[in-house]
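The same chain A turns up in both complexes below, where it pairs with chain B and then with chain C.
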Partner chain A sequence: MNIQKFIAKRSNWTILYALFLAFFVVLPLILIGIYAFRNTEGSFTLQNITKFFTQSEALNTFVYSVGIALITTVICILLGYPAAYILSNSELTKGGTLILLFILPMWINVLMRSLATVALFDFLHLKLGEGALIFGLCYDFLPFMIYPIYNTIRKIDKSYIEAAQDLGATNMQVFTKVLWPLSVPGIISGIMMVFLPTISTFAISEILTLNNKRLFGSIIQDNIMMSDTMNYGAALSLIMLAIIAITSFATGNQDDGELNQGGLI
Partner chain B sequence: MMKKILAQSYLYLLLLALYAPIAIIIIFSFTSSKSIGDWRGFSLELYSNMFSGHAAHSATIMTALINTVVIAVMAAALSTILGSIAAVGIFNIRNRKLRQAIQFTNNIPMINPDIITGISLFLLFISLGISGGYLTVILAHTVFCTPYVVLNVMPRLARMNPNIYEAALDLGATPLQAFRKVIIPEIRPGMFSGFILSFTLSIDDFAVTLFTKGSDGLETLSTYIYADARKGGLTPELRCLAAIIFLTVLILLLVFNYRSNRLAKEQQH
Partner chain C sequence: MADNIMSFSPKPLSDEGCIHRAPDIPVAGHTAESSNEKAYIIEIDHLSKWFGDKQVLNDVSLFVRQGEFVTILGPSGCGKTTLLRILAGFNMPSEGCVRMNGNDITDVPPFERPMNTVFQRYALFPHLNVYDNIAFGLKLKKEDEESIDRQVRRVLKIVGLTDYEERDVDSLSGGQQQRVAIARAIINKPQVLLLDEPLAALDLKMRKDMQMELKQMHKELGITFIYVTHDQEEALTLSDTIVVMNKGRIQQIGRPTDIYNEPVNPFVADFIGDSNILNGIMVEDHKVQFMYQEFECVDEGFQPNEHVDVVLRPEDIYIMARNANAMISGRVTACIFKGVHYEMTVVTDRGYELIIQDYNMFEAGQEVSLIIKPNDIHVMHRERLYNVIDGVLADSTHIEMLGGTFECEPQTGIEDGADVKVRFGFDDVELMDYSDEGDAVGTVSFILYKGNHYHLTVTSENGEDIFVNTSEVWDDGDMVGIKILPQALKISKVE
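Presenting the complex of A and B:
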């Protein structure tokens, strides 16, 4: 009877999932930390972390990845912001179906999209390499920039813009003083969804540069898959995790899961 | 007027750039040439090769396709069950701190890049001495799909009359009966969206699968493509597959969109 009562209380239904989360989400993340501070024999060491800062290969790749990620993010904002603005402006477009077309590529396998980029470059007889990498990354991540900005701009109360115009602001002033500041939350979500995944990308860079340029994710993957460098790989993952934590903290964690809720499209 | 034309042409140019690569793959799936850009007339040869297993790789491609679908169905089903029960539970937690803690943990798999989710689970399975295979991949996919189910079911619960469940219990239903007969009918649209979303996310996944599939040769489409691309070049039959996948995703999304639009309309009434 007691069990019956226990189950009848709906908040107790969380327990199953809470255990699941603890075991499959929290524990694995802790394991990254544990492995990062252990050597192959299993005793405590800081070597894996210091290796990253002293060994030039990983550090250089990291700096290079941040650079590529910055370029990708900036291009995505420059291309995506006007698109998001136009899509959210009902005087300019009807929006509905068009936004669907813009976010549809989000749902196609990232490898498939990278191969499509390779196909395009082959078709146009262009060489693969750094240019292809940046094009491919922008192509992969542009929808992730457009969608959050679109959502933010759509929710801006149009009367703010009208008020600014009535008070004599020029179009430029309306943009810099009203529209842009109000769309910052969307831009930040977009940056989170473009910048971080770009750094940790691994397969895409190999495909688009014929293995010539590698991003941080590739280095992590190479090390974690080998049993003798696994701990170093874990340390690199921990560094990646730290960057994620810092970025989400610095941006006040704008991700309210909005993108993922019921009315996705 | 001028502004409108400019704005629209910008959008269409961007769309052209976004879809050109996919279009090229689809167009060149209907010719028999080995490389893209070399049009040898319309032919369905690649498609028939792929399905009949005549080409060198087609058997592996079909196995990978079946693996991908089986994993996606299993992971989506598991996530939908687990996520729905969890959503009901979380929704009814009175303690705000506790609820926020669980919701925060629920968000972690959505914020983390795939590679981190993949590596963390890879380390978990290694520590437990579980070798990778179907089971580990399905579990791993359930990990990153369930949060989306929870998020899809929650809004439905918010709209539901909380007393119906109590009423069912008072009238002698067991909790399980009350869940089946009272709660599920109310949250079914959210469960359905969650299922479809989980299914597409699972099909879409590459990084998590790569790290949890183990070394026994289990391949899904993404890992197969990765291995293939690493060897250099793309098996021509993969173009057909890309075309099929693209159309499948398109249809799934249109269904999903149609449903959420209808729900939105229902809510307005």
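Presenting the complex of A and C:
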């Protein structure tokens, strides 16, 4: 009887998830926090943090990563917005085949796709490196840009467009004054799904540049893997998390709850 | 359309088609040629529109005068919104043209048309506040800030929303959003304001208030209003002119009082206000027979013994306690209090059911007598006396029509495969509950109660309408099987 009551109460169902989150999200975060402020002997220090801001290698890599992520995001917006716009026009995409084709690559593991990209570049006798890296990142993350924008545009009431035309807006003005502003939530959603994960990418960059160009994710990985620099790696992770948190908070605040409207799926 | 007899075209108007009676001009003798053409701001000329193979507008013609309040009234799916969208430029007509001030504007895109629309669900831009929504049109015209500012304040005052400039449109109530939508349209000083069921989303009280305000605004602004609604009361309240539409065709154009008192066909009589519609025979001028009795009336110009439809408005029938000398007597079967009046159902001794509205109450079961005065009888030409359908003779005993195959009596002198016209009476059709029991399938699309039987319009699968008399009760939208007595089918070859 008591067990039945326990199960019937829906709030009790969350206990399992709470435990899971505590062990696999909260606890690791705390550990990262602890490790970041300790030296190899285990005593408290701020050295790991100051090292990042003083040592040029990590800082440079970070700036470089942000640069690559920015380029990738801009390219994804430039390619993704028109694609999403076309997809949202239901007359052009009867049956959803086109949408499926855009999403199809997402079914395949990112590493596989990166390896395939390497093979493709080899086949075409193209040099691997920065260009290949940006190509690969765009290829990997484009669907994450298209989908939220597609969802946002699709939900824009057609009567807004007609209202704008009715009030004297040309097709160009309909786009700049109505369609674009209304699709901004989707774009922000897309940016968060492309820009942030790109900064911390490491496997893709290593594969596509033959380990010549290193992104911030690689630096963290290198440090974490070795026991004597593990604390520094933890500090780098913490710094990245902080930056991601700040940017998400900033973009999230900017358009309130509307972000949810354009979310993925 | 199978035949002229089959269609719902308003006979008295069909020849002149596009004639529009303006309020100040008497009906008789008024034609497009005889009136001053320049007074028309909008001329809709033989407009037809197909969506795929579905025809939503069928040869619609309408002239609108400068400064007029025209309401396009009809049930949902009658084509009224499509007509408005063609006027606004969102849809292209398949045939015909639209002229404004004499210039053909059929191909002019919406943003170049000097008219503005108030949309059904307002379509206020959610990313802009009230001020920017209203200023949208003027900003596109690159007017200077100060002038925009002044005009926004002016229209906000007109719609009664002073000091709402900075408000988010989502934070407004339905009525307020409606006002913003109107303000956003009228600030552009359109020559014509198009309104697509603007009050449909408001509650009754708010709707009544807004109706009065709209009427007032129309008076003050002097803009031509073209207003689409399915609400007959709204149309009667607001309009200078009402255009009644059904199934893509204009049924009647006229002043509200004309439409109410002189409906041209049962559809209009049934759609505008409550009515009793009965079969009758016009014996001679001023003498009409219905409910097995002869009545004096004021109508004339009918053939002797012409079959007609008789309209009696419920409020025009006088009801009193049973009186041996009265022409009509009966018994009250239901009585409902409607606020101002009582609505009673009376079944006459001869078996006709009539709806009567009166301030005096007669309870169910009471014996009553009725008086109908000559002035209150409205007689309409009957649109059709029998069904006429196009078909193909499959073999000598079968005929293909209405999307099915029907049995008929052996035909001689018509070869197989010939195109034929098939005639049959309204009473010869039997409707079956299950669509597979009939020879063809149809949907009940219009129901008219004629006092002692129902006159149904049944639309077959291939889109043709047949008319059926029945005493059984069907609902609008019912799927039915259609069966016709073989001996009732009168077949003639199409030459």
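Operating definition for what follows: the second predicted complex is superposed on the first by the 240 of 265 C-alpha atoms of A that agree within 3 Å, B and C clash if a C-alpha of one lies under 4 Å from a C-alpha of the other, contacts with A are read in each partner's own complex, and residues count from 1 in each chain.
In this text, a contact is a pair of C-beta atoms (placed from the backbone, for glycine too) under 8 Å apart; a residue touches a chain by one contact, two chains touch by 3 or more.
What you are looking at is a predicted structure, and each value in this text was computed from that prediction instead of being measured.
Visitor: Could you classify chain B and chain C on chain A, in the superposed arrangement, as clash or fit?
Guide: Here the two partners, once superposed via chain A, fit next to each other without clashing.
Visitor: For A:Asn60, using the defined touch cut-off, is the partner it touches chain B, chain C, both, or neither? Pick first, second, both or neither.
Guide: neither
Visitor: Name the contact category of A:Ala8: first (chain B only), second (chain C only), both, or neither.
Guide: First partner only, chain B.
Visitor: Under the stated touch criterion, which partner chain does A:Gln173 make contact with: chain B (first), chain C (second), both, or neither?
Guide: Only chain C is touched by A:Gln173; chain B is not.
Visitor: Look at A:Phe102 in the shared chain and tell me whether it touches chain B only, chain C only, both, or neither; answer first, second, both or neither.
Guide: In the superposition, A:Phe102 touches chain B alone.
Visitor: According to the stated criteria, A:Ser200 is in contact with first (chain B), second (chain C), both, or neither; which is it?
Guide: In the superposition, A:Ser200 contacts chain B only.
Visitor: Which partner does A:Asn39 reach: the first (chain B), the second (chain C), both, or neither?
Guide: neither
Visitor: Give one of first, second, both or neither to describe whether A:Thr50 is in contact with chain B, with chain C, with both, or with none.
Guide: neither
Visitor: Who contacts more of chain A, chain B or chain C?
Guide: Of chain B and chain C, the partner in contact with more residues of chain A is B.
Visitor: Quick one: smallest Cα-Cα gap between chain B and chain C in the superposed arrangement, Å?
Guide: Nearest C-alpha pair, chain B versus chain C: 15 Å apart.
Visitor: Which chain A residues are contacted by chain C in one complex and by chain B in the other?
Guide: none
Visitor: Going by the contact rule at the top, pick out the chain A residues touching chain B in the complex.
Guide: Touch residues, chain A against chain B: 4, 7-18, 20-22, 24-29, 31-32, 35, 79, 82-83, 86-87, 89, 91-93, 98, 100-102, 104-105, 107-120, 122-123, 125, 139, 142-143, 192, 196-197, 200, 202-203, 206-207, 210-211, 217, 220-221, 224, 233-234, 237, 240-241, 244, 248, 255, 257, 260-265.
Visitor: Would you pull the chain A residues touching chain C in the complex into a rising list?
Guide: 157, 159-160, 162-170, 173, 177-178, 181-182, 184
Visitor: Any idea which chain C residues touch chain A in the complex?
Guide: Its residues touching chain A are 88-90, 109-112, 116-117, 119, 121, 123-127, 136-137, 140-141, 184-185, 188.
Visitor: Inside the complex, what are the residues of chain B that reach chain A?
Guide: Going by the criterion above, the answer is residues 3-4, 7-8, 10-11, 14-15, 17-22, 24-25, 28, 35-37, 82-83, 85-86, 88-94, 102, 105-116, 119-124, 127, 139, 142-143, 146-148, 150-152, 155-156, 165, 169, 174-176, 190, 193, 197, 200, 203-204, 206-207, 210-211, 221-222, 225-226, 229-230, 232, 234, 238, 242, 245-246, 249-250, 252-253, 256-257, 260, 263-264.
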